[in-house]
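Okay, so chain A shows up in both of these, paired with chain B first and chain C after.
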Partner chain A sequence: MKKRTLGLIVYFILLMLPIYWMLNMSLRTNADILSVFSLYPRHFTFENYMKIFTDASWYSGYINSIIYVSLNTVISLATALPAAYAFSRYRFIGDGQMFFWLLTNRMAPAAVFLLPFFQLYSTVGLIDTHIAVALAHCLFNVPLAVWILEGFMSGVPKEIDETAYIDGYSFPRFFTTIFIPLIRSGVGVTAFFCFMFSWVELLFARTLTTTSAKPIAAIMTRTVSASGLDWGLLSAAGILTIVPGALVIWFVRNHMAKGFAMGRV
Partner chain B sequence: MGLSLQNLHKSVDGEIHLSGIDLTIESGSRTVVLGRTLSGKTSLLRIMAGLDRPTRGAILVDDKDVTGVSVRKRSIAMVYQQFINYPSFTIFDNIASPLKVAGMPRDQIKKRVMEVAKVLHLTGMLHRMPAELSGGQQQRTAIARALVKDAQLLLLDEPLVNLDYKLREELQTELQEIFRQRDAMVVYTTTEPGEALKFGGSIVVLDGGRVIQTGPTTQVYRNPANLKVAEVFSDPPINYLDCRVDANTLTLKSGLSIPMTGHLKGLTPGRYTLGVRSNNLSLGRRNKLDMELTARIKLAEINGSETFIHVDCFGSRLVVQEVGVRSARIGSETSVFVNPARFFVFTGSGDLVLSPDPFHQS
Partner chain C sequence: MNSRGTTGFFFVLPLLLGVVAFMVVPAVTAVGLSFCQWSLTAAPEWVGGLNYQSLLGRNSLQPDPLFCQALFNTLVISLVVPVQVGGSFVLACFLNHRSGWRRFLRLVVFIPTLVSPIALYIMWRAMFNCDVGLLARLLMLVGIDSPLWLDDPAWSKPAVMLVLLWEGVGGFQMLFFLAGLRQIPEQLHDMARLDGLGMGYRLKDIYWPWLKSLVGFNLCLGFLGAVQGGFEVAYILTGGGPLRSTTTLSYFMFENSFQWQRLGVGAAVGMIMFLLVLPLIVVRGRRKTHG
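Showing the complex of A and B:
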């Protein structure tokens, strides 16, 4: 018992160290960071955070990210819910193959799809829009969402559907008032996975945007310049990027394990 | 109002679940479907409900073909073997759900739900969730939801099988009373002959996806058309004894001959199979007409307040049902007594020739 506690403490120190270090740096000035080694900020400053919150080119990055991430989460759920229901309830020709094929979309590296997406979006004039990034991320999020939701849905007995039809429910009414509340936690976990993937994804988000939909991850690269790195600012932006993810994790923390097992626990 | 099934067939992935089902259910009648597991009871009920489509054949309600009509448009209610309720609704909302969908006014819904809840002893738990209730209460909720909407056809698929003994007995009696008060067609499936007899009404005996006998329940119990029906409609399954009839004697395989009196009189010579239900066999003489068979005890199985003694009698396996908890020494010789007046006589191919006179006192 003692050994285990000790082990866990060591583990958490190692785990939290980079994050602590980032927090530490975000509260110091560049001159301070580069001159002395310090475990805590000696000349405490919010200057870096102030810059992010006041400079439109910085905070708009967060707004852009939030917009396309939310869009993506909504689109992914809206498509995956009916798809997962079909996979869990009906047998049709090629259902097994199709279900597996969905997952193969996640097997290829994102870079493979980058060029086609860029070409296609340039042609239809979608470049530098929020919806462009949201749609591109669906390529990865919809299959994952279908897999997770199918697992949760298969845990609900088919007889519940039948009882609802016998009681006279129409399909849309049954689906929204009875079925979705039953897989609430599954929907939450799926939304979390979509949110997290879309939030941390850099490649698509950076390539498909230029200015008006530029995500925060891309803006952070601006801290690198000829005069060196703006360490403090970069750290502050990093800390602010962790916050939304941490919040979402906090909300779904009790359902995470089931979600990782794609609802099959 | 009546339901009729015409030449129904159902096969799934090449496996035959039902074949050649012709049935008519009168309005207001109570029908029990008796059959072993996998005999097609659930398939039949699902087709009656409209949840599944038959592969061939038609379903007629009031002489109107409703074969392809969706479940929502039919006036049915169904209770499953598993406890099926809406887990995210309270008991009240569960029972009220068919009425809400039908658009009944709120105060009327409340009145109806309270009535049904009272009948099924659920009044005290209407605000709880299904998961917080015991199995019996959950099943009662499902039954309440089926009863609340006054459907023309009420289907119950082994509703009591997952309940404990005590509760089952209690609900069996309560349900009889509830069904008696409605004029809906009630179809109830079961694997247990005892439950079928309690249910009364008329019976449909299913085996291997076919209807093997129909008729009033007690009449079918007394005159099973063939060995298969007798087997399904006896618990434990009916016992067989092969025999031969020459001129005026009936000889068992063991060499014992039985005087051909009572209903056995007039049997034409030939080979027959005698069937006798376990409750007509005993280890002690009960009647001066009883004949004695020697047998060896193989197994004694205590079942509630009864003991089933499995014995071997010249190669035939018999099960003797004795009241009370009895101990029997395995492997020992014993005498089994049976009154010949209780014998069913079947032909070699299994069709009923004679059944015991029900009013004959043994």
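Showing the complex of A and C:
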């Protein structure tokens, strides 16, 4: 038992070290970072954070990211909920093949789809819009959403559906007032995964946007290529990208393990 | 039951429409584009297998050295995957208890998955940096001359692998293992304890039979990710350098498409990447249908 605890402590330190370093740098000025080596910030400053919150070219990136990530989560859930219900409740021609095919799609290289998406969106004039990125991210989020939701829905006994119909519920009313509340932790977990995968994706988000829908990630890379990095500012921006994900994981923390136990690994 | 059949289809309809518009059509286009010459300014023009010939070489043409290097880099970097899977397994064993602070740790291990990779890689640039980096200082403390890491072609790949290892241990692979460990009946552990079995026997006779399909699953997903991913890490951490020593296939594809205006060649690289991982998808698919 002692060995386990020790191993975990070592792992925890290794895991947190780079993140601590980023936090440390985000609270110092760039000149301070470059001139003095220090394990903790000696002269606290929130200058870097202030710049991000007041400079539109920085904070608009966060707003753009949040817009397309939310759009993606809504679209993914809206398509995956009925589909997952069908897979869990009905037998129809080709359902097995279709379900399996969805899973393999999740494994296909996303990079292959990059150029066709680029061409498609250029043709219909969707380049540099939030919806373009949101739709592109559905490529990997919808199959995952169907997979997780199907696992949860199959856990709800079929008799509940039938009882509700006998009691005179219409299908839409049954689905929204009885069924969805029953699988709400599944919906939460699914939303979390859609949110997260969309939030961290860079290739699509970067290539399909130019100015008005540019995500924060792309804005951070802009400063990378310039000579002489502003380490403090970049670190502050990096720390801020953790916040939304951390909030979401806090809300679904109790459902996480359940989500995986019920899914079919 | 015919009406049920149609109802089922009705529910899947939005999904099917989406699949056709955003998967089937783009996939067909991707194949077509890889046989075209295409720059952003002019419309795609059919050139047959020319893109593939320039990459792979044929008759008098030598294979593209830059492509070969990208392929080599990708394969070398993907060697980190088995280590990732092993690390995730050990971590899952450590975390497989229900005490309070382990529940907290189970959330913490997700941090690398949660943070935008851009932030992570910028942070690692700071770690590796010789002027402001923590790593160089720490190595100096123990009396080792730090290598130049990202500025030295010999050390850049190990540096990238180190970052991927840090990122990959924990997260989803660990969570899959944790779910798998929960399925092992408690009696097996009790029996092992009674028989006084050592760790080696426990691994071979208890863990392996229960977890071997999961190990395969994690390896499969890991290699898939390593072969097709690697864009972010090359783009942010190293810029593909030094001396192209960390240019992965997906970064090479990006360079071709959006920096050198050779979108047809980029599409061909994408198709080759797909063919590389196709065996993995097929093997994985067989497993799934058999049980």
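The working rule: the second predicted complex is superposed on the first by the 253 of 265 C-alpha atoms of A that agree within 3 Å, B and C clash if a C-alpha of one lies under 4 Å from a C-alpha of the other, contacts with A are read in each partner's own complex, and residues count from 1 in each chain.
Following the convention adopted for this analysis, a residue touches a chain if its C-beta (ideal position, glycine included) is under 8 Å from a C-beta of that chain, and two chains touch if they have at least 3 such contacts.
Computed from a predicted structure; not experimentally measured.
When both complexes are overlaid on chain A, chain B and chain C end up sitting side by side without clashing.
Legend: residue contacts after superposition of the two complexes on their common chain; A:T163 is shown touching chain B, with no touch to chain C. In the superposition on chain A, A:P181 makes contact with chain B only, not with chain C.
After superposition on chain A, the vertex angle at the CA centre of chain A, spanning the CA centres of chain B and chain C, is 100 degrees to the nearest 10. Once the two complexes are laid over each other on the shared chain, residue contacts for A:F44 go to neither chain B nor chain C. After overlaying the two complexes on the shared chain, residue contacts for A:F53 are found with neither chain B nor chain C.
For chain A, the partner touching the most residues, choosing from chain B and chain C, is C. When the two structures are aligned on the shared chain, A:Y11 is found in touch with chain C, with no touch to chain B. Of the two partner chains, chain C is the only one that A:A246 touches; chain B does not reach it.
Between chain B and chain C in the chain A overlay, the least Cα distance found is 7 Å. Overlap of the chain B and chain C interfaces on chain A: none, as no residue is touched by both. Taken together, the chain A residues at the contact with chain B in this complex read 157, 159-160, 162-170, 173, 178, 181-182. Remark: chain B residues 49, 51, 70-72, 76-78, 80, 82, 84, 86-89, 97-98, 101-102, 145, 149 touch chain A in the complex. Listing the residues of chain A that touch chain C in their complex gives 4, 7-8, 11-12, 14-19, 21-22, 25, 33-34, 37, 78-80, 82-83, 85-87, 89-93, 95, 98, 100, 102-105, 107-117, 119-120, 135-136, 138-139, 142, 146, 196, 199-200, 202-203, 207, 216-217, 220-221, 224-225, 229, 231, 234-235, 237-239, 241-242, 245-246, 249, 253, 256-257, 260-261, 265.
Residues 1, 4-12, 14-15, 18-19, 22-23, 25-27, 29-30, 33, 90-91, 94-95, 102, 105-120, 122-127, 131-132, 134, 137, 166, 169-170, 175-176, 178-180, 182, 214, 217, 221, 224, 227-228, 231-232, 235-236, 239, 250, 253-254, 257-258, 263, 266-267, 270-271, 273-274, 277, 280-281, 284-285, 288-289 of chain C are the ones touching chain A in the complex.
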